[in-house]
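Notes follow the structure.
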Amino acid sequence: MRVEVRHGEFNPWEELQRHQQASLLPNGRHGAIASFVGTMRDFNEGDSVQAMVLEHYPGMTEKYLGEISAEAKKRWDILDTLILHRVGELQPGDPIVLVAVWSAHRAAAFEACRYLIEELKSRAPFWKKESLQEHSRWVQHNTPAASNRGGR
Amino acid sequence: MRVEVRHGEFNPWEELQRHQQASLLPNGRHGAIASFVGTMRDFNEGDSVQAMVLEHYPGMTEKYLGEISAEAKKRWDILDTLILHRVGELQPGDPIVLVAVWSAHRAAAFEACRYLIEELKSRAPFWKKESLQEHSRWVQHNTPAASNRGGR
Amino acid sequence: MILKLTVPIHVKYFAGIRDRMGRADDDIDADGLKTVADVWARVAGDEPLPRTVRVAVNLEYADLKHQVKDGDEIAFLPPVTGGCDAG
Amino acid sequence: MILKLTVPIHVKYFAGIRDRMGRADDDIDADGLKTVADVWARVAGDEPLPRTVRVAVNLEYADLKHQVKDGDEIAFLPPVTGGCDAG
């Protein structure tokens, strides 16, 4: 179970590989790894976004992410979790967040991974400030998780 | 949208990175990547499994995986999909399957990714033959996807 | 004299079915065969088709009543077990 | 003569709230302060606390009626916007 707030770029796939290599899980134990990577888009609410600064509440962030990881481990039959979140200045296309769950069961891996990203988005103390063409603004609210099934 | 049946080992994280680099998606378009990696366990139905041979139906496999990818793209608002499945001889701990979905929306990414792995497991023409201590056997059925919520 | 030209039906067996048949495939004359069930009866004799076995005609799942014709590829597929082990 | 020793309450402001306060934090005397709401009144004067702002006491979410004491860290947090943009 690892939680990290990172200043500066990260490559989510290298992080996953590194975490798995460093992990003490025996190789044949887990059968399923569900992961989620959130990246910065170049548009939000109709505006073109040039860059972004991500601020957080040091101390509270790590504590909160540790708590939701422990809660996930209580609720689902999972073996390990990883949450990595970027702070500081970002460019469009940059990975912002990585959440991964190792489990012997794919349903548990998917559900716990989804749980972690939803809890992170709704309560972890991070704030984005977007730089638009002319000015910058604090992002006012997170997007809801509503399914897009049947969308398009 | 890519589908591949691979003879021989693969590293899922390198594959994800390579797919994304080769992709024509503009960098800031997608915001969410949900992925799933299934690995070979060293136990199944109480027995210790030494090695495994994965057989498939060449032609039908690729056709079926292409069909479920197209169906996912019809049902959810997603930008790209990747399905990579191993065949041939495997050792415990080896990645067997990688499924990934790129989307502007995390709910769509998660749901489409889950859909693809469930459809793959229930209908894609792959067969595993396990080598146990004393003999080998065809795996008789796939495991159901039942949630482990509240398990442990 | 009537010269009849036919393209055989190609029949494929996978995994446990292949082990049981003792071969991976057969080419059979479509003559007198109407459905997939007829094909099974031709290749397997009296042996009943296990209920869990699925059938594909030309790379698509089909049922036993599916009509067959010259040149078709018919496959008998035991329950699939792809993906990860993680149930 | 009575010598009273107090450890201040540390108050932190984040994102838009920090911009509005014009500062990142305050150290204030706990004297006369019972709840988080009292702390806000002390630091912000008449300005009402926006309804969307959440409060944390010692790194845990709390409500405005939460009791405060010497040495507490009180933070005022605008709606959080972490994670990916992908709604």
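Letters A, B, C and D mark the chains in the order given here, with residues in each chain numbered from 1 onward.
By definition in this document, contacts are C-beta pairs under 8 Å (C-beta built on N, C-alpha and C of every residue); 3 or more make two chains touch, one makes a residue touch a chain.
Keep in mind that what you see is a predicted model, and the values were worked out from it rather than measured.
A.B. asks: Which neighbours does subunit A have in common with subunit C?
C.D. replies: Chains that touch both subunit A and subunit C, as defined above, are B.
A.B. asks: In whole angstrom, what separates the CA-based centres of subunit A and subunit D?
C.D. replies: Those two chain centres are 27 Å apart.
A.B. asks: Which integer distance in Å separates the CA centroid of subunit C from that of subunit D?
C.D. replies: Taking the average C-alpha coordinate of subunit C and of subunit D, the gap between them is 73 Å.
A.B. asks: Between subunit B and subunit D, what is the gap in Å from one C-alpha centre to the other?
C.D. replies: Once rounded, the distance between the two centres reads 48 Å.
A.B. asks: What are the residues of subunit D that contact at least two other chains?
C.D. replies: Those would be 84-87.
A.B. asks: Please list all residues of subunit A that touch 2 or more other chains.
C.D. replies: Each of 30-32, 37-41, 104-107, 109, 117, 145-146 in subunit A touches at least two other chains.
A.B. asks: Based on which chains touch which, is the overall arrangement a line, ring, star, complete graph, or other?
C.D. replies: It is other, because the touches fit no line, ring, star or complete pattern.
A.B. asks: Would you mind giving me the full set of chain pairs in touch?
C.D. replies: By the stated definition, chains touch in these pairs: A-B, A-C, A-D, B-C, B-D.
A.B. asks: Using the touch definition from the top, list the residues of subunit A that touch subunit C in their complex.
C.D. replies: Listed in rising order, the residues are 30-32, 103-107, 109.
A.B. asks: Along subunit A, where are the residues that touch subunit D in the complex?
C.D. replies: The touching residues are 37-41, 44, 54-57, 59-60, 63-64, 85, 96-97, 117, 120-129, 138-146.
A.B. asks: State the interface residues of subunit A toward subunit B in the complex, per the touch definition above.
C.D. replies: 11-14, 16-17, 26-43, 49, 74-77, 92-93, 104-111, 113-114, 117, 145-152
A.B. asks: Quick one: which bits of subunit C touch subunit A in the complex? Just the residue numbers, please.
C.D. replies: Residue positions touching the partner: 84-87.
A.B. asks: Could you pull out which subunit D residues touch subunit A in their complex?
C.D. replies: 12, 14-16, 19, 56, 59-61, 75, 77-87
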